[in-house]
Amino acid sequence: MRTRRYTLSASCPDQTGIIARVAGFIAQHGGWILESRFHADNGNGDLAGRYFMRMEVKADSLPFHLVELRERFSPLAESLSMTWRISDSAVRRRVVIVVSKQEHCLYDLLSRWQSRELDVEIPCVISNHETFRAFVEWHGIAFHHVPVSADNKTAAYAEVQRIFDEVRGDTMVLARFMQILPADLCEHYAGQIINIHHSFLPSFVGARPYHQAYERGVKLIGATCHYVTPELDQGPIIEQDVIRIDHSDAIDDMMRYGKDIEKAVLARGLRYHLEDRVLVHANKTVVFR
Amino acid sequence: MRTRRYTLSASCPDQTGIIARVAGFIAQHGGWILESRFHADNGNGDLAGRYFMRMEVKADSLPFHLVELRERFSPLAESLSMTWRISDSAVRRRVVIVVSKQEHCLYDLLSRWQSRELDVEIPCVISNHETFRAFVEWHGIAFHHVPVSADNKTAAYAEVQRIFDEVRGDTMVLARFMQILPADLCEHYAGQIINIHHSFLPSFVGARPYHQAYERGVKLIGATCHYVTPELDQGPIIEQDVIRIDHSDAIDDMMRYGKDIEKAVLARGLRYHLEDRVLVHANKTVVFR
Amino acid sequence: MRTRRYTLSASCPDQTGIIARVAGFIAQHGGWILESRFHADNGNGDLAGRYFMRMEVKADSLPFHLVELRERFSPLAESLSMTWRISDSAVRRRVVIVVSKQEHCLYDLLSRWQSRELDVEIPCVISNHETFRAFVEWHGIAFHHVPVSADNKTAAYAEVQRIFDEVRGDTMVLARFMQILPADLCEHYAGQIINIHHSFLPSFVGARPYHQAYERGVKLIGATCHYVTPELDQGPIIEQDVIRIDHSDAIDDMMRYGKDIEKAVLARGLRYHLEDRVLVHANKTVVFR
Amino acid sequence: MRTRRYTLSASCPDQTGIIARVAGFIAQHGGWILESRFHADNGNGDLAGRYFMRMEVKADSLPFHLVELRERFSPLAESLSMTWRISDSAVRRRVVIVVSKQEHCLYDLLSRWQSRELDVEIPCVISNHETFRAFVEWHGIAFHHVPVSADNKTAAYAEVQRIFDEVRGDTMVLARFMQILPADLCEHYAGQIINIHHSFLPSFVGARPYHQAYERGVKLIGATCHYVTPELDQGPIIEQDVIRIDHSDAIDDMMRYGKDIEKAVLARGLRYHLEDRVLVHANKTVVFR
């Protein structure tokens, strides 16, 4: 079994002495650091002058529990103007999967969940189709059918939100959910909704990216895992990958190859997110893989 | 030494019996086929219903020479409404390299030329800067400095064209030439000018693609080798590739990684072109690697 | 729905006129060729002087059915000393999956089968553990538990063979079956048993390849899909791929990354096999992807 | 211009408080940390229980120079039983390139040196052939021809060593030097000699790896950059990469593709080494890319 650990992920304005103060705080209480990553953004872009960190501390090396750890860390964080969180590996995240009619990401996620590689609670799967009810329920997971049509969008997404809240979801995964979420939902759960887009963004935004890729004659196709924001396919990118195609591949072949990339990229991106390896600032991510 | 060969590359409307007729023609004269590739486009796009082929025939297996081969093949080609060419591996292509101030593609191409991997004539290198004169001349290759400014564009490109024609160039390679060619030049040498663009097109068209990629926070950067057309960065794509980056890579790092991809993609794309492996139709390519 | 097609895959000693004669035969009967690939091996190795081909012909473009097609083609094949087969896309292959306790390849294959991407019959799954009985049976597929121990090997593999024959299996897929098949079984079904090995062969043959890779400190790990022969991990390689790791990846991480490569490589290799894209000669494969 | 920086790279037995103490030391003197990486090896292998770190500190943020920095850091390092070094980015490394008759790595390294991407001194190139004298000398770099034959090995490598010492070389790069160095030379310069091997080690150790790869029928070929040790091709691996091939690639094609991988992998591995990103322990590397 994996060692229980507390994970601090944080960002703050850069200055001298940040590592010394944070690592000093942990050392002073005898904390054993298992993993640590730091990044100072020295560029000219949106992250310029910002400092990012992630530390995993062995839980039983500290003489107090999570609540007290947070309390004791809080003044230091404040003095550094930090945005921060500390999570406990013993508290499993609650992931709600939202899906339409395509099976590949759903099977892939449940396969990982089944083997405990994806070590989370999946309180339910939500879908706008009945397609996967029996398959999901066979896994002992609740299945909610929420039809979405042009007429009922507001009610439908209110229902999605009600279910997500009721099951106390932490993360919503759009596992090839072929619908656009309303802006208010995206904003309400900013940083909590993860989508897999079937192109190498920013190429081929919007619908039918494989058709667009086919028309343009690109030699590689890709997939992008990103946080959902109100601007379609514009959210912070967590992970991407590509696969080679050629002229002999019809759109159907591209879709088939694409599925393999989509599920791999979604699984990686989701894991980074669940392990607090992704820090978002402006519209960009720092990913401490 | 590599066997001398005639290479037929062709496309025509699809129908039954094309392979039989073309291969039959070759067999009838005792021709030994070394390589052959065929592609029928069965999609709905711009290439739909078109047939593409490429065949390499051992030159000395045929009882006649190139001129007669072309004459004899011509009626068959006509009956199939073919667009076709037959080239002779003993006739080395004449490649003119056009470059600005970045060295990586130039060194890479000359390295390949030096070892005969790139088995072509390079009658000259043209540049809008003097930077590489001595390096190029050391290789025994003529160097032409043609300054380009806002004021002299017409004259400058007339000079480029004059030089290219004078040395009887077959192919012009823009090896990170940081200027936009005039539309009439692109049209005059359609299918003969190859560019390397420093992004994974169609993402980040135009200037400073690494800056655009940095801003968007993509997790892979790429390069694209394409034929130059009057529409900037819109020409038929020959080859593409990508490399992984992460948040720790500043724009300078991206440029450094990008150079490695650029030169590799340009070298591959150029080879495909020189070996008549690229067939262009509409704005797409069939590449028989 | 995909067009019904007959697929010829064949190899023979190289000589002039092979394409002409085979394509001529098809054209003479009005056959419409959808895809065709040819390869003459001009090297010095085991395949030297051998010619390989694969052609897909639209079934309803021919004026006769499969049996007659085979009869009519037979004399030509004989005159070329061909090893050949013609298959019919309307006859679905019968694939038996053999698995131990790891879920990733099984879920992946059933996901593809469920969506008809993997368009085969799966008459049964055989396992030396009960682990996946309910999951498999939920899919409507029979599950056979055949325990294998040091004492009962002969009887156990006789039972595997009996089941495979009884369900008229065409292909046996070892989807991370953690046992070594007896030599006589490998020989009896030569070219019909496909294995996924969890290393980039020929590195790390045998047991615990991730441990071996970890010890050696390699920077990429891989997987290999190959035909099973009596010599352990020495069979003809169908497909391989790799993924990057680094010093921060423990053996557990490598196993986790490895699973993603294993299932992708197995799925690709199996598809090539089922579509008659793999031609084996000596201990090597020609794969017309 | 890049900020001048001091780079500390170190390893020591793991214990609590290492980061706090090292970062505390730097903070106490006002040091500005530009980059920092830490790795605790928690596995069961050769690196188990060892802690690795690398920190870049802005040189002018510290109130003393390199010599004093080393003196002041020394007691802390000793108390942690550290193996450590601190280097100064203003002191350019002295890299000696050793080459035979293949041009690709040499051109590639000189291209990077020419553009200052590879920001080192190259006091000389040593070769067992005269092939590249003029090319190297054109760059203003001294060229030493040291013929190596079965008879003169001892004298020849004594001469190589003499030259390397005379020019005060820091790093020796075997840029496709097709000879095996004597064991005593490898030991004398342990951790200073970098080789590029033309296979994905540990596959295809020794001579003619492309021939071996061709015989085995692998679907990817690779290259490995490693430190040279007395055991042939067994040294600690710094970097590796692969490229896809298929049945249509003859050994010549594999060599051609391989060159592109070789030069890219060598350049990356060399850069990691020169920037003190590679920490060696037992026969493995930690590479803080």
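Chains: A, B, C and D, in written order; residue numbering restarts at 1 for each.
Rule of thumb we're sticking to: a residue touches a chain if its C-beta (ideal position, glycine included) is under 8 Å from a C-beta of that chain, and two chains touch if they have at least 3 such contacts.
Please read these numbers as outputs of a predicted model, since none were measured by experiment.
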item: Longest centre-to-centre distance from chain B, chain (CA-based); value: A
item: Type of chain A:chain D copy interface by residue overlap (half), same or different; value: same
item: A-C against A-B, pair bridged by the larger set of C-beta contacts; value: A-B
item: Chain A and chain C: spacing of chain centres that average the CA atoms, whole Å; value: 35
item: Length of the line joining the C-alpha centres of chain A and chain B, rounded to whole Å; value: 41
item: Sites on chain C at which at least two other chains make contact; value: 35, 42, 248
item: Contacting residues of chain C [partner chain A, same complex]; value: 35, 102-104, 107-108, 110-112, 114-115, 117, 134-135, 138, 248, 256, 259-260, 264, 267
item: Touching residues on chain C, where the partner in the complex is chain D; value: 39, 41-47, 52, 200-204, 214-220, 222, 236-237, 239-242, 246-248, 250-251, 283-287, 289
item: Of chain D, residues touching chain A in the complex; value: 16-17, 19-21, 23-24, 26-28, 30-38, 40, 42, 61, 244
